[in-house]
Amino acid sequence: MTDQIADPDAPRPVSPVQVRATDAPDQPVPSPELDMLYRNFEKELLVPLWTEIGDLMPPHPRSKASPHLWRWQNLLELAGQAGDLVPVGRGGERRAIALANPSLEGKPYATPTLWAAIQYLMPGEDAPEHRHTQNAFRFVVEGEGVWTVVGEDPVPMTRGDFLPQAGWNWHAHHNAATSPMAWIDGLDIPFQYTTEAQFFEFGRDQISDAEHATPERSRAERLWGHPGLRPVSMLDESSGSPLLRYRWADTDAALADQLDLEAEGFPGVLEPGHAAVRFTNPTNARDVLPTIRTEMHRIASGTETAPVREVGSSVYQVFDGTGRVTVGEHSWSVQRGDMFVVPSWQPLSIRSEASASDSDSGALDLFRFSDTPIFDKLDLYRMETTR
Amino acid sequence: MTDQIADPDAPRPVSPVQVRATDAPDQPVPSPELDMLYRNFEKELLVPLWTEIGDLMPPHPRSKASPHLWRWQNLLELAGQAGDLVPVGRGGERRAIALANPSLEGKPYATPTLWAAIQYLMPGEDAPEHRHTQNAFRFVVEGEGVWTVVGEDPVPMTRGDFLPQAGWNWHAHHNAATSPMAWIDGLDIPFQYTTEAQFFEFGRDQISDAEHATPERSRAERLWGHPGLRPVSMLDESSGSPLLRYRWADTDAALADQLDLEAEGFPGVLEPGHAAVRFTNPTNARDVLPTIRTEMHRIASGTETAPVREVGSSVYQVFDGTGRVTVGEHSWSVQRGDMFVVPSWQPLSIRSEASASDSDSGALDLFRFSDTPIFDKLDLYRMETTR
Amino acid sequence: MTDQIADPDAPRPVSPVQVRATDAPDQPVPSPELDMLYRNFEKELLVPLWTEIGDLMPPHPRSKASPHLWRWQNLLELAGQAGDLVPVGRGGERRAIALANPSLEGKPYATPTLWAAIQYLMPGEDAPEHRHTQNAFRFVVEGEGVWTVVGEDPVPMTRGDFLPQAGWNWHAHHNAATSPMAWIDGLDIPFQYTTEAQFFEFGRDQISDAEHATPERSRAERLWGHPGLRPVSMLDESSGSPLLRYRWADTDAALADQLDLEAEGFPGVLEPGHAAVRFTNPTNARDVLPTIRTEMHRIASGTETAPVREVGSSVYQVFDGTGRVTVGEHSWSVQRGDMFVVPSWQPLSIRSEASASDSDSGALDLFRFSDTPIFDKLDLYRMETTR
Amino acid sequence: MTDQIADPDAPRPVSPVQVRATDAPDQPVPSPELDMLYRNFEKELLVPLWTEIGDLMPPHPRSKASPHLWRWQNLLELAGQAGDLVPVGRGGERRAIALANPSLEGKPYATPTLWAAIQYLMPGEDAPEHRHTQNAFRFVVEGEGVWTVVGEDPVPMTRGDFLPQAGWNWHAHHNAATSPMAWIDGLDIPFQYTTEAQFFEFGRDQISDAEHATPERSRAERLWGHPGLRPVSMLDESSGSPLLRYRWADTDAALADQLDLEAEGFPGVLEPGHAAVRFTNPTNARDVLPTIRTEMHRIASGTETAPVREVGSSVYQVFDGTGRVTVGEHSWSVQRGDMFVVPSWQPLSIRSEASASDSDSGALDLFRFSDTPIFDKLDLYRMETTR
C-alpha cells in the first residue's frame, strides 16, 4: 500500500497480463433516448469518451504510420528528373522531395512527427535564403560540392557529413561543383504542423559573393570543432548546436574506436558488435536539435541487434554496407542510401550481412534520426528490449 | 555581419514587411513530363515540397482549430441526461463528454493538443480504477461530494479546487454525496495520440472500503500542502506534482493578495487589474504537469486585458463573474462555467463586466489550461502583446 | 576491469580495510643534503607534499571543530547585558554575539563554514540598513515584536518563525514592542571569509515611517506564501527564497501531519518517530539559501534517531522539548534554546526524553542549519548511517 | 520603491561612493562593566560581531593571499634535486612540491582554495595508485614519457597536454622514458581541507603489466575525444570529465582559429588579440572539474589585456612566449614555465612582449586554473573590467 506518486522515470514493464484490450468497451444499451442524446451531443459539438476510448487510449502506442522502405536508386532517379524539370527559386524554395508514409493519407510525412526528403541541386544553382522555426539537418550519403550558407557562414558538405540546422537560422545552399548533388533533409515539419508552432521568413534573394566562397572549414567548425574546448567568448547555452558540420572522418573514427575497444575487452559498444554515437550540441552535451535526435550506428558483419521498441518514431538511412532490417512484421534487404521508417513502439532489429561487393570490414553503417527528445523532455519516453 | 547561431530565446519580432506570403509559391511550368514526374512521385510514395510549402510552412501558425464557446448550462444538461442513460463501468471507464472543436473533423479535441470534457458522477457511483500516460487534471466549477482516489489516497473535490493527475498514477472516483456532481477534466490526449506515446492499463474493478473514506484532507495534502516546506523523506523531483489538490481557499487568497498589493502601490499583478497565479509542482517549482500549464486569473471589474497571442492553444473556463471575451474575430459574453478555446497565435483579450447579479467584487475569475510546457521545453514558445 | 570514470553520485562505502592511515607516510632518509633541500624549498616558498600528506589528505574528514553545546539561558543573559552596555548603530551594525567553536582559535565561527549568533534588540531600537553577499537567516525561539525590513518590506518575527535572508538584499530590524527581543542569526560568514567572496554595503541610516509599519503579513508572504501557487508576474528563478517568513503554524502542522500519517501506517516520516521538513525556495524547490540548508525536526517522545554522519557541519537549536544529544564522543542533555554544533563526519544521534514540565506531546523539536548545499552542488556530499 | 528580492545574477556595479569603509566601526564606550561583559563572552566561548565586523565583512574581498611569481627554472632545479634525494612510494605518494603563498602562514596553498605543485618522476619510477575526493589535473609545460594510469587506463602526457582527474578516480603514474619528467598538478586541497570534505584511499601497490603499456591514445580518448560525438552506451552525466587528456594539438588549433577569425573580421576572440578556450566536460559542456575551471589563453604579440578582477583566485603558468604580468601592485616579466597567483578581487592585466628568442608568432600562451565553479554554483561570482 502506498500513497506515493508514480515515478515516471522508473522502468515500467508492460505486462501482457495487466494490459487488457480497450478496443471494445462496454457501451450503454441502445435506445431512442440514447440516440437523441448522441444527436444532441453532436449539435453541441460534444463527443462522449465511452465510444472513443478504445481508439483514443490504447494499451500501448499503435502507430498510424507503417514501416516502409524507400530505395535510394529510385529516390535519386526521380530527384534527377526533377532537376531537369523543376527550377529552384523563391516560393518553392527547395528542390526537396519528401517520403510520404503509406498510412498517413498521402501527406509528406515519413512518420507522424518527422519529415524526410531527398534534396537535389544542379551545378551552379543557389537555393534562396530563408529561415523557419522547424529544426532541420542534412546528411550526405554521397557526393560533394554543395555549401550550405548558415548565417552567412559557408559550410561544406561531403559524404558522411552531418549538418544540423537549428530553427530560426538563416540558410541557403549553393552548388559550386560541376555535377548535381543530392542529400537528405530531416525536419520536424509534421510535429510543428500538428502542434501549430511554426514560423517562416524569406531572406535575401541572393547571397553575397563572399558567401559563395568554398572554404574547406566553416567558421562554425573553427570555433566549435575542437573536442572538449569552448570559446570563452561564447559560454551561453544555445538551443541547437552551433557546430554546423560533424565530419565523417570524426564519426568514422569514433565508431571504429568503439569496435576496437570491444575487441580488446573494454566497454564502449552499445551491445556486442554494435557501435553507436550520438551527435550532440557542444553548448550543453545534449541532443544536437531540440526536437530531433541523430545518431550513427555501425553493426559489425554478421551481428544482429536485439529487437528494441521505443516510444516515438525513427527514420534510418543506410550509409554503407548491406544487411537485413526487420520492423514489426516487415523485413527488407537494404543497401547504401536506402531509407526506412520505424513507427512508434514497433520492434526493430538489424542484421549486418556482408555482400561480395562490400568494403573490407563488411560492417553495416546506418544514420538514424528520431523524435525522441520530444518524449524525453516531456517525461513520456519508454523503451523495451524484446528479445 | 555575423556567423553566430541565432539565439532562439531572443525576442523575435515578426515584421509584417519581412514575412511575405508563402501561400502561392512559384511552381514549375506544367508539361507532360512534369505530369509524369508527379505520377511517379505518387507511385514511389513521394511528395514534393514546392507544391506543399505554402500550407506546411506558413509565415506564422494558422491554427486548424477555431475559437469556440460552449455554454456551461448546455454541458450540464446533456451530462445530466447521460447520467440517466449511460452507466459508468469498466470499458467505457468514465462518463466524460468532450468538447469537439468545430474545425477538427468531429474529433473529441478541444484544440489540436488538448482534451477538455465535462465528467458527471451520480450519487453512490464509482468510476473504476485505471492509469494512463496521458497527463490529466480535474477542475471543479461547482458542487462537492466526489473523491478522486489516487494511488489509494482519497482526495476531496469542492468548488474551486484544482486536482492535477500526472500520467501513470492509478486513479478512480467515487461520489459519496446524495446528488450528482459534475466537473471538468483536462488531458493531453490529442497530443499523445498524434505523437503516439500513450499507454493505458486497467486497475482493480473495485476500490477498497478504506478508499471509500471521505477525509477532508488527502494524504498528499498533508505531506505537500505546507508552503515552502518539503518532507525530508521525499526529496526526489517528480515529473508531475505530488500535491493532489490545490484548494480554492488558497487560490482565492493569492489572487486577492495580488490585487490588494496593486491597490497599495506594490508589484504582484500581471498587468493593471489582472491578478494571476500558476499551479506548480512543489518538487521543482515548474508546471504542475509535464505537458499542461494551469493558471487561475482574476480580472478586476471594468478591466480589459491587453491582447496577447501565443504559440500553443488554451482552454478557459469561467469560474465566477461575467465579462466579454475576444479571440481573433470571435467575441462572446461569458458567465460562470462557460468554456472557450484559444487556438495557437490567435489574439485573446478579456473584459470583466460586472452584472447586476454579480458578487460584490464584480471580478471575473477564469481557470486556464494550455499546452505551453511542450513549447517551452522544446524551445518553440513565442508570445506577443499586440496592443 | 573497467576504464570508466567513477560516478561521484554512486554510493561510496568506505571500507575500513581499504582505508589505511596516511598519518605517518614514509619519509626520505634524513641527510645534510635533504636538510639543504628543505631549506631551499622554504626560501623559494615551496612545501613538499610528502611531509604534509597525512594532515592534508586524511582518509576521511577530521574536523578541526569540536562538538560543543551552548546553553540558551547563558546566551540570553549575556545578550541582555549587552543590551544595556552596547548601543546598536552604524559601524557595529548589529548587537549580535557569535558562538566561537572551542577548537577554531577563538574565531567567531560555530563551524569552519557557519556563523551562529544570538541577536538582541531593545524596545524601540532600530538596527541600521545594510546588505552583504553573506547569506543569512533568523530563527525565533521565543518572543515577538521585531520586524525585519527587507527591501522596504516589514516582516514580522514571532516564536517558531524562520526568516531567510539571501545575500545582497537590503535589510534592517526594528523592535516595535515594549520588551527586548532575542533570536538567532545564521550566516555563511566563515565560508565566504575563507573563500574570499564577500561584499558589504551600508544602506540608509534611517528607514522610513512607512517601513516602521507593523503588518501582520509581509508583502513577500502575500505574494509567495500560498502552497504550490506562483505569481505569473514573477516566474524567474531567484538564487535565494523570495518568501521571507516561514510561519511556525505551517511548520508545526507539517511535522504533526507526518507523525499522524506514520500512526495511520503511511509514509512521510524520515525514520520511525522522526518527522522532518526542509525549508525550500518556492522559485526552484531547492534549498532556501544557496549555501545554507535549513530544516525543522520533530522527534517523538522516547524515540532515538539512527546515528548519521555527513560531510559538512551543522548547528542545531532546540526549539521545544527535552532530550539527549550525542555527537561523536560528546553527549548532553538539552532543553529549549540550547544550541550545539556537529562537525563534519562526526556521528550524531538524538533521543527525545519527555520531562515532567513538557507539553503534552513530549516531542523534541529542533531547528537545524548546515552547509550541505555547498557539498551538494560541488559533488562532494556523502552521508552514512552508522547504526 | 520595490519589494523584490535582489537578483544575484544581475550586474552589481560596486560604486566607490556607496561602499564606505567598515574598518573602524563605532564601538561602545569602554567601562569596567563592558570589560566584564567581554570576559564573560570569552568564558562562554562567544565573540561579539561589533568588534570583528570590519575584518569579517569587508566592503569587498581583501585577499589574505599575495600575488606572487615562482620561476620555472627554480622549481625545476629543486624538483630535480628532490628526484635524487626523495624516493616515491606508498605513504609519501607523490614527489610533488607545492607553491606556498607568502601570506598564507607557510601552508602549501597557492591561494586559499587551490594547490599548485610541480611533480617530478625519474625514469622507470612508478607513483603508487590511490584515490581521493580532491579534484585534480596535470598540465605539461615540457617533456614527455610519463603515463597517468586512471582506472587502469594509461594516458600519455606530452607538452601542452591537459589531463583532468576528477575526484575519487584511482590513479597512478609511471615514467616509461629514459629521462626524468616534470609537470604541474593542480588540486582543490585547500578548499576541501577548510570545508572538511576530503576522503582518501590507497590503491594497489603495483599496477599491472597491462597498465604499464604506453599507448599513444588512452581508452578515454578513444571514447570521448571525437568532437560533438557521445557514445550511446554512455549517456549519464558525470561530475568530472571522462575525457582524460586534452591534446595540445587541439588546443593550439582552437586558439589559432580564433585569432585567424579575428583577422578575417569575425567573432571568436575574448577581446582584441586575446584568444581563449575553456576545457569542458563532454557529458555536460560545463567545467571539466566540479570545483576547478581550466583555460588556455593566447595573447597576440603586442596586445595588453583589459584589467579584470574577479571573485575567487587563479593560478597561471606561462606555456610559451614572454610578457609582462600585472596583478594589483605587483608586476613581473614572465617566460616559459613561470607560475603566478592572482588573489580574489585583485585586478590582472597581461601584456604579450615578443623577445628575440621567441617563436615566429611571438604570442604569449598561458594556462590558467581557478576556483570559479565554486562561486558560480553558489551564486557568489562577480567580475569587473576595471579599465
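Each chain carries a letter (A, B, C and D) given by its place in the written order, and its residues are counted from 1.
As a working rule, a contact is a pair of C-beta atoms (placed from the backbone, for glycine too) under 8 Å apart; a residue touches a chain by one contact, two chains touch by 3 or more.
Remember, predicted model here, so these are calculated numbers, not experimental data.
Student: Compare the two sides of the chain A and chain D interface and say whether they are made mostly of the same residue numbers, over half shared, or of different ones.
Tutor: Same, since most residue numbers here occur in both copies.
Student: Quick check for the class: compute each chain's Cα centroid; which one is farthest from the centroid of chain A?
Tutor: Measuring from the centre of chain A, the most distant chain centre belongs to C.
Student: State, to the nearest whole Å, the distance from the C-alpha centre of chain A to the C-alpha centre of chain D.
Tutor: So the centroids are 42 Å from each other.
Student: Taking each chain's centre as the mean position of its Cα atoms, how many Å separate chain A from chain B?
Tutor: Chain centres of chain A and chain B, defined by C-alpha means, are spaced 30 Å apart.
Student: Which whole number of Å gives the spacing of the CA centres of chain A and chain C?
Tutor: The answer is 51 Å.
Student: Residues of chain D touching 2+ other chains?
Tutor: 1-4, 219, 234, 241, 266-267
Student: In the complex of these two chains, what residues of chain B are touching chain A?
Tutor: 1-9, 12, 14, 18-20, 22, 24-28, 31, 33-34, 37, 40-41, 44-50, 52-53, 56-65, 68, 70, 74-75, 78, 81-82, 84-87, 89-102, 106-108, 112-113, 117, 131-134, 151-153, 166-170, 189, 191-202, 219-220, 236, 238-242, 290-291, 311-313, 343-345, 371, 373-375, 377-380, 382
Student: Quick one: in the complex, what on chain C touches chain B?
Tutor: Residues of chain C touching chain B: 219, 222-235, 237, 241, 243, 246, 250-251, 253-254, 257-258, 260-261, 266-270, 276-285, 288, 295.
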